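Shared chain: chain A. Partners: chain B in the first complex, chain C in the second.
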Partner chain A sequence: MSEQQPVLVRVFLTFARNSLVREMTFRTNFFIQCVSAISWTLMNLGFYLIIFHHLNRKPLADGSGWQQNEFFVFLATTWIVFSIVQAFFMPNVQEFSELIRTGNLDFVFLKPIDTQFLISFAKVDWSALANFVMGILLLTVGVWRLTTQSNNPLSLNLANVLLYWFYVACGVTILYSLMISLAATSIWLGRNQSLYDFWFYITNFSRYPMEIYARSWGWSLWGLFTFVIPILIVINVPARILARPLRPEGPWLGLPLSGFAILATLVCLVISRRVFSLALQSYRSASS
Partner chain B sequence: MYVRAHTWWTILRIALEERLVYRGDFALGTLMRFLPIITQIFLWWAIFESIGSGSVETAEIANFTFPDMVAYYLLTMVGRAFSSMPGLASGVARQIRDGEIKKFLIQPVDMVGFLMLNRIAHKLAYYSVAILPFALVFYLCRGYFTAGWPDPLTLAAFVSSLILGFLLGFFLETSIGLIGFWFLEVSSLLFVYMLFSFFLSGHMFPLDLLPEPWNLLVDLLPLKYMAYFPAAVFLGKVSQDELMLQLGIQVAWIVFFIFLSRYLWKRGVSRYSGFGG
Partner chain C sequence: MNVIELKQLTKTYRVYQKKEGLLASLGGLFQREYRDVNAVRGIDLTVAKGEFVAFLGPNGAGKTTTLKLLSGVINPTSGTAQVLGYVPWERKNAYRRRFALVMGQKNQLWWDLPANESYRLHQQIYRIEPAEFTRTLDELTGLLGVRELLRQPVRELSLGERMKMELIAALLHSPEVLFLDEPTIGLDVIAQHNVRQFLKQYQLERQTTILLTSHYMKDVAALCERVVVIAHGQIEYDGSLAGILDRFSGHKIVTLAFTENQMPPDLTPFGEILEVLPPKVKLRIDRNVVAEKLASLLSQHSVEDVSVEEPPLEEVIADVFSRATRSKEA
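This part shows the complex of A and B:
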């Protein structure tokens, strides 16, 4: 197992290079894709700018501390996490259900490499990383404003920044696990066209600060998306570690939630791996 | 005359049957489309609570209360069910590109008319199935319609704004598709249109929320009649005397796009050259 590790990294780098070469063959198309990804993102920002215009310096949820600059950090984290997922996993998972339908998955089995690895990393959609850049920009703006504001400025150290990226990685892992499990179901269903829709509708819940669900029947959603399908912690934990909307930190985050995030990441990874191999066992080739 | 009506009727019937094949998938898909409403409810709940410093009841944004806001989002779903034309413009452009359009030059059937009947059938089939999930969601959310049913006049205006919204959406998108006679590939143009329409039709938020220069811009565009306007009418946000004016402007936009699509078709066909079979 241990001597296989460097090989996987090199294989992945080759995949990434190939994808880049392919994208650079059609540069204008690449450029248009980047622009279109960015314009949707900017519209998303516009929506929140309008909301904060009406909120008039009040936080997004009462007593939560998500004011405009704190929320910029949150929004930037959303863009960063989702752009990574979009770039590295989305094209592959979409391809996967097509491989099953056409029976071309047979050829993947024949390759002397871990099937899940090959399925997950074969393609990289570089243009999706345009939003990663946008996320970094907005993150910089948000953090810079927070640390330089005169009233209760934020102080950050290296540990905060490292923890932030660690939890971003956890978030990406959780989303990846969810995605690969969903994709694996297309082995049982034959075809899973609404996969992308379902993915979009479910992950939509993770794009907001978790305080907004902290009321009446929202609590059941909060419980569901924190403990059963832990997508609420994907953005909330890293964003909260960096922006710290409540200074000093209130009851929402502290050791319990950040510890739970690590646990959830591991559990998700293990379960998705199980689901994937279980699904592969029921694969019947569709080709001749 | 009778023969003609019979032809149109047959086209409509075939399109309708074609559409009803996958009704189960259809109904489920429609129900799923309401899921984002749940996050919208909680997002706006939190926002209104924050504005009202802890109480939702007193808070208002641009004359919208919290229940108004939720009702607005639900109503825009209805508006979009009429005005959105998935695949229309790209379909027209594709037919131009791969030469399928030739059949309309040979057969005595008008292309725009044919597309329209197809779309009506598509919509009718859609409503006949989607009415169940829609009714379910509206029933569950009836508490957000604090004013109850509007008076008959407003209701009539609402229904006409929906039907006009359908016509506007149809001729607007057909016009975009017919630009394909000149560009062949309209997908980037269509993308720009979708982008603006999502933001400026009121699908994303009530247009009353827009600050100063933008709300004027929105008034000058036809996009607001596709989602914002019907919902605003239903919620009584449009005053009685303004209602007629607005409906008039909507009709004027439809007439404009009818003429535009006719003009584009005429000019397009005269420069079109089809090769092969």
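This part shows the complex of A and C:
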């Protein structure tokens, strides 16, 4: 027997493969899930088209520069980030709460592999990636329209594109950290049904450009969701890098915010890892 | 060499006491009553390499809790434990590569996939060399006779077949220590027998150290030379299976067949009458007077056949359990 550590990438690929085999066993279910995900996405798009129709070429918040095409980039980023979270983390985190309640977490502790890795990556919901494809399509349309518009066309370079994906990864990491911390609390609470609700309430705030909150008491929301629970930077930072809706950028929208996003990602990751291992110490299993 | 060493191992759970009724439940939102449950109370135990030890005890005696402590699934309240030189609840990967836990009531295989796919995952997590993996899998599936079921989704297997698949999953990495928590629970007689035979042969060949909990005395009698009886979180007995009878059973069962119409009307002076099926009688006689009573019986009456037996093991064990309960209540 080899004393080497398992290669995490290979283990993950096997997880992903097993999940795909499983989903293919229930093909009809798989297609229905894809169709319902895409329908929701299209309704979402229709809703914003109506809003922009009402706005009549004005941006989403006064002077913010989030007009229809810029917002398409923002919306596409939302779909991309959330589809990644839905596909790779949501099924595992939900399963985690269930494992705690039923005591089946026992088996996870037996494996000679990082426990958080095993819990976070065991399942992949491939159907959720339908929205990832939709996001890429909408992103392409948005960027293409921005670069070809006659008035002040957007010029795109490789650095922007790479930075965009880097910050998408940061956003996913922040959401994952928040999720796994919330789920880990089920070890102390025994049951945490409000997990999904809370998740939905909180992440709703991340789905709009942050300029919307830059009004009177909205600032407190902005501060809360930027610095305490940094949910606002998840979509805003990558989308802003690609769509560049505001030129010149406001004092907190440019470099400082991008720098802060990296810091926030690291802090979230460290805190969530800490909460996770602390929670595991309190695990008490369930009846045999 | 001792593979397992426990010293004063203790685990206490704090359990929320839910009161009956809606009002009391609402009250429970603000003020809760807790009760301490002493699942394991200061256990001392050493197990040498290659031993096959049975843990016997009534439900809630602390058997499973002990196995969970030894697997590092839960932390103890106090006391120490070492398995293969590791402290289990430190959850070192080096330790986790060297033992396995099988729980008859829980399953770790992917439900919707063939067992084969779960095994492949095990291969990667435990870093088993491909050649060794193929050889071990082939050997185990051959021994258990499940080779043709490898490609069938786990949810479509019978309980017995699934248990065999679970055993294979636990043994693929050739653990040096194996914890078996009721591996034959719910299985039919044939499946129980198969699993038992397999474990016996496997242990004989590999000299794996095995701790087994089971409610089936046949499992224990067939597999284990050493028996540890746990009741109320404490060890009540540690020794051979036969030794339980010597220590806890104060009597023997004597069956007499009298010559036709020669059966005496009153046999109570000789012992407690268990069953009368003329001309046969079954008596329970104190262990230390068996010879004496039997001699006087044979000299006074005409007897065709005699048999002297130990009482059934299940009965003795049940008696040990209830005695432990009584002494705790007292």
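Simple rule for what comes next: the second predicted complex is superposed on the first by the 276 of 288 C-alpha atoms of A that agree within 3 Å, B and C clash if a C-alpha of one lies under 4 Å from a C-alpha of the other, contacts with A are read in each partner's own complex, and residues count from 1 in each chain.
Here is the rule we go by: a contact is a pair of C-beta atoms (placed from the backbone, for glycine too) under 8 Å apart; a residue touches a chain by one contact, two chains touch by 3 or more.
These figures come from a predicted structure and were not determined experimentally.
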| item | value |
| --- | --- |
| Clash or fit, chain B versus chain C on superposed chain A | fit |
| Chain B versus chain C as contact partner of A:N204, first or second or both or neither | first |
| Touched partner set for A:L45, first chain B, second chain C, both or neither | neither |
| Chain B versus chain C as contact partner of A:L163, first or second or both or neither | neither |
| Chain A-centred angle between chain C and chain B, computed on Cα centres after superposition, in steps of 10 ° | 90 |
| Which superposed partner A:R215 touches (first chain B, second chain C, both, neither) | first |
| First, second, both or neither for A:M90, with chain B first and chain C second | neither |
| Which of chain B and chain C A:R22 touches, first, second, both or neither | second |
| First (chain B), second (chain C), both or neither touched by A:I229 | neither |
| Minimum Cα separation, chain C to chain B, after superposition on A (Å) | 6 |
| Complex contact set, residues of chain B against chain A | 25, 29, 32, 35-36, 38-39, 42-43, 45-47, 49-51, 53-54, 61-62, 188, 191, 195, 198-199, 204-205, 209-211 |
| Chain C residues within the chain A interface of the complex | 13, 64, 68, 71-75, 91, 93-94, 96-97, 99-101, 103, 105-106, 108, 110, 112-113, 117-118, 120-121, 124-129, 132, 153, 173-174, 181-182 |
| Residues of chain A touching chain C in the complex | 1-7, 10-11, 14-15, 18, 21-22, 25-26, 103-104, 106-107, 109-113, 115, 281, 283-285, 288 |
| Residues of chain A defined as touching chain B within the complex | 32, 36, 39-40, 43, 46-47, 50-51, 53-56, 58-62, 64, 194, 197-198, 201, 204-205, 207-208, 211-213, 215, 218, 221 |
